[in-house]
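Shared chain: chain A. Partners: chain B in the first complex, chain C in the second.
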Partner chain A sequence: MSFYVYTLFFFFFVYFILAMGLNIQFGETGILNFAYIGFVAIGSYVTGATSLPKANTGIAAGQHFILGLNLPFPFNLLAGGIVSSLLAVIVAFIALRRLRTDYLAMVLISLSLVLYDVCNNFVPLFNGPDGLYNIPEPMSGVFHLDSNQFVGFFAAVTGIIALIMYLFMNRIMSSPLGRTFRAIRDDPGVASTLGKNIFKYQITSMVIGAFFAGIGGGLIIQFGGSFNPSAWLPGETFVVFAVIIVGGVGNNVGLLVGALLVETLLIHLPAFLPDIPGRPGLIEYFSAMVIGIVLMAMLWFRPQGMLPERVRKFPAPAGELLNRDGHSVVAPTPVEAVATTNSAAQVADAHEGNDAW
Partner chain B sequence: MHQFVLSIAFGLVTASVLAIASVGLSLQFGITNYVNFAYGDFMALGAFFSYDLNNLYLHLNIWVALVFGSLLMGILAVGINRALLSPFARKFDKPFYVLIVTFGLSLVILNVIYSFWGANIRSYRTPVQYVKHVGPFLLTINQMIVMAIAVVLMLLVHVLLKTTRLGKSMRAMSDNASLAMTSGIDTQRITTITWFLSGTMAGLAGTVLGISEGNLTPASGELFLFVIFAAVIVGGVGSIYGAMAGALIIGLATEVSASFINASYKLDVAFAILILTLLFKPSGVFARSGKA
Partner chain C sequence: MTYKDLSTTPAGSEGPILRCEGLTKAFGGVNAVNGATFDVPRNKITALIGPNGAGKTTVVNILSGAMKSDSGTVHLGSTDVTNMDRAKIARLGLMRTFQLSRELGGLSVLENLLVAPKVQAGESIFNIFFRPRLVKREERQNIERATEILRTYGLYDLRDNWARELSGGQKKLLEISRGVMASPSVFLLDEPMAGVNPALIERIGGYILDMKAQGVTVLMIEHNLNVVERICDNVIVLAEGKTLATGKLSELRQNKEVVTAYLGEVINASTGH
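Showing the complex of A and B:
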């Protein structure tokens, strides 16, 4: 029983990390990244391949893959995140040039399928359709854990990593960089007239998001010990979108709520239900349908999500002196206030403005 | 050399399937100005409607089942637009919402198909196929019929768009929907008809895909969707003739390349062409202003 609970916790934390990564791309910068799960998969594969010894030796007998560096725990995870980020740079350079939102989405979803297809068919890369398996359980040798204890231990490790990444993401979002991202999302035209190089910031956003995706993917393969192409068809990207939209676009705490509602309640809890006799997989199909329907209902009735984005406002102080141009003579003191809610409609505005791409 | 000639014939068959699918997607994109990410699942659903008519109820001849299955999908597409997509498009006049909704719709339809038909690989009941020599090519009767359907359909679409009042209205709406509305075109009626055409063509494409490949699975439409995207982007999004040209380019390229490299990399060839197009002519071969 505790095994199940730890598993639930683990996936809750991982999807929180994944949602933060997609949120900085989509929620903060306005890039509709339909290839997100591809970045997760690359992180997963690289983490797996770097933690295994050379292909076809020792525990990796019968497996074909590149790398095989036998790296210890946090380094293989970082390798996954970094390679995923590198991929994001390449993708961003090709796809973010002059593309309208829906084109970009078409190209990215195609990319996701092609990555899938290449990994599935080109066996020497990441062992083809069988995927990687027998990935060593990190640190269980150090603490002498059996596989049951490992599940709880690694769920806790993942929780700590999620916390670190949350603090890191909060720093980014409240920094000038984060403000620039939001400015680009809300109106790329205005942002570029203020001298912001939109393309550069979009690449930065893609890279940060892809790093989160890679780390999340790495954690998944470390937890389960295996990863294969069937785990990352394009529909999986949709689950992460559902987490963000249900939780609240642009709100990290909202993502926590979204991860709980979508990932834990709708995906992993039903996965523990016994199969209906004679109809294998029916529960899985139903939970996928429910996610689709929940997301549509959410967009219709509460597009800003469960916890909406908190918008800082900087109103001019009352009674201040204005010069002839209407600018304040006295420098206005910023007043931080939780004022209006920024619905996803503003995200949509950013997309509308993307025609300039 | 012989292999090369044969692969051109296969390329033309793939291009035929692709042309039907791409034109169906482009028609709808031109009118509503958003991409339907559930189009691949429309194809699969239409294919399974035909499958049931062919194998389960009525036991219709495959070509009769094809017609009725596709029409059924066309009607369903109108229903989906009325009940779901059009309200979203009206409520939030930004394309972003509808994109996410069609993405969600694709997940729902795919899993509906899985729940009803299961994950097994199925195939249509067709007469035994013999390979015939047609000029330098080797083709089965089914493949020739698929090509004939595509050619006739492309001609019909051309006649519809260029000579009929309905086609003119569709082109007007595609250029500028609000201007078309103020000129007295019933845009809602045009939208409904377009969805019907798009859904029907999705059903046709899904079924002929199943016939020409010899099998169908719930996910086959979704995998094919990406090849459609490649054809549509290479041709120039929103342009019907671009979609036809793109289908020909991608169809031939994927099949001809399969005679030189491993056939399992067909999709990647399509993607490589897509990337090259994006790098050197991002608006596509038949670019349309305002749509790219």
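Showing the complex of A and C:
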């Protein structure tokens, strides 16, 4: 039972990290990154390959892969995040320089498929279709943990990492950089006429998001001890999108809700239920169907998500006198009364200059 | 209120601040701009007028870098900005508004202004984590300035509203105030009075005069000739993508070509004939 609960917690935390990464790209900067799962996979592979000794030696016997650095935790995890970020720079140069919205999404999903095929078929890279296995359990030797204890321990470590990454992401999102990301999301044309180098900020967003993806992927392989291409079919990206859409685009706290509802309750909870006699795999199919229905319902009835993005308020400058409603007592009359054109006749008058000036 | 810091702009201090020579732009077989040539004098308000389809907005798009010209040159002060990236042109001090207001709807009214300063310490990850005091100080200064501008433009009480929730007139004001926040040396306004009521036209006119008093050069597309007459120092008439005439509106009223191409049309429209 405890193994089951810790596993649920682990995936809840991991998908929270993954959702934060995709959220800064999609929810904050407007990059429809359908290749996101590719960055998760690279983080996973690199963390695995840097955790293991050289290929075909010791616990890596029978496996073919690059790196094999035998790095300790958390350096192997950081390696996964960093390599994933470097891949994001390359992908950004290929996809982001000239393309926007739907065309960009198509190129990104194509790149994800290419990456998948390379990893699946080019065995010397990450052991082809068998993937990497026998990944050492981080720190279990240091604390003398058995396999069951490790699950709880690593779920807790993942929770702490998720908290640190949440604070890191919040700092960025509440900074002028986060504001510039959102300006680009809303209207890249306007942002560039304000002097913002769109490509530079999009790369920055891609790199941050890919780092989160890489760390999430690294945690997955360290928790499960193995990772192969069947774990990152391109469709997996849409699970992370579902977490964001259900939780609330642009709201990190909403992502917690999204991770809980989609990942924990709809994917991993049913995965632990016993099969229906004579209908093996039926629960899994139902789970996928329910996710699709929830996603459509959210987009139809509540596109802003369970916890929508909130307006960011700033403290009034020093010396500001505010009334009970938070309005300045010295501010001029709001323009609602005069700023709205009242009738077509008024527009015509204004344009013909009969009244003004 | 300080609109700009001239010492930081690259536009120099002599001659016209904006110079266009032989601009052309064709869309398929249609020559939207066909050799437009004009100068925009420094620290003046210049109107760009002409009949619909004369190429006014296309010219503004080319000047601001939103569109590339087929031929011709654009100089901002002494800098050749022909077909330069629009972000670079903006960083040289040229700002613009749009014919249909383009607010950043997912940002608050205050944030629309806070995003405007071209270079901000807080836009660097290094500064966010390793120079937080610098970021905080600059942010505080920007908030103070944005607050002052919002108060001037009568948007202060709406500062924490989503920009997408504003009315059409309020969006016009927001777009202009956002440009002001960016401290431009040249401000291109694309029909700032379009679709707003007479009271607001009065106010926007006042704001434009205020910008001029602070040393900003304004080039505005405008059909309201009363406004043009009252606040503009200079008028450029475009017709069929070419510069038809330049001068004061009172002089242009005597110009037969201008009357035939544009003013007659406006006068007829306003008198209902």
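For the reader, a short list of remarks on this structure follows.
Throughout what follows, the second predicted complex is superposed on the first by the 311 of 357 C-alpha atoms of A that agree within 3 Å, B and C clash if a C-alpha of one lies under 4 Å from a C-alpha of the other, contacts with A are read in each partner's own complex, and residues count from 1 in each chain.
Here is the rule we use: a residue touches a chain if its C-beta (ideal position, glycine included) is under 8 Å from a C-beta of that chain, and two chains touch if they have at least 3 such contacts.
Only a predicted model underlies this, so the values are computations on that prediction, with no experimental measurement involved.
After overlaying the two complexes on the shared chain, residue contacts for A:S147 are found with neither chain B nor chain C.
When the two structures are aligned on the shared chain, A:S175 is found in touch with chain C, with no touch to chain B.
Contact with chain C, but none with chain B, is seen for A:R185 once the two complexes are overlaid on the shared chain. Of the two partner chains placed by superposition, only chain C is touched by A:G195; chain B is not. In the superposed pair of complexes, A:S230 makes contact with neither chain B nor chain C. In the superposition on chain A, no contact is made by A:T57 with either chain B or chain C.
According to the touch criterion, the shared surface of chain A, contacted by chain B in one complex and chain C in the other, consists of residues 347, 349, 351-352. Interface of chain A with chain C (complex): residues 171-172, 175-177, 179-180, 182-183, 185-187, 189-198, 201, 204, 208, 250, 309, 311-314, 316-317, 320, 326-328, 330-336, 338-342, 346-347, 349-357. Within the complex formed with chain A, the chain C residues making contact are 64-66, 85-88, 90-91, 95-96, 98, 102, 104-108, 110-111, 114-116, 118-125, 128-129, 135, 139-140, 143-144, 147, 151, 153-158, 160-162, 166-170, 172-173, 178, 182, 193-203, 205, 223-227, 229-230, 269-270. Chain B meets chain A in the complex at residues 34-35, 37, 84, 87-88, 91-92, 94-97, 99-101, 103-108, 110-112, 114-115, 119, 219, 222-223, 226, 229-230, 232-233, 237, 262, 264-265, 267-268, 271, 274-275, 278-279, 282, 292.
The touching residues of chain A, when paired with chain B in their complex, are 32, 34, 94-95, 97-103, 105-107, 109-111, 113-114, 117-118, 121, 233-235, 238, 241-242, 245, 281-282, 285-286, 288-289, 291-293, 295-296, 299-300, 303, 344-345, 347-349, 351-352.
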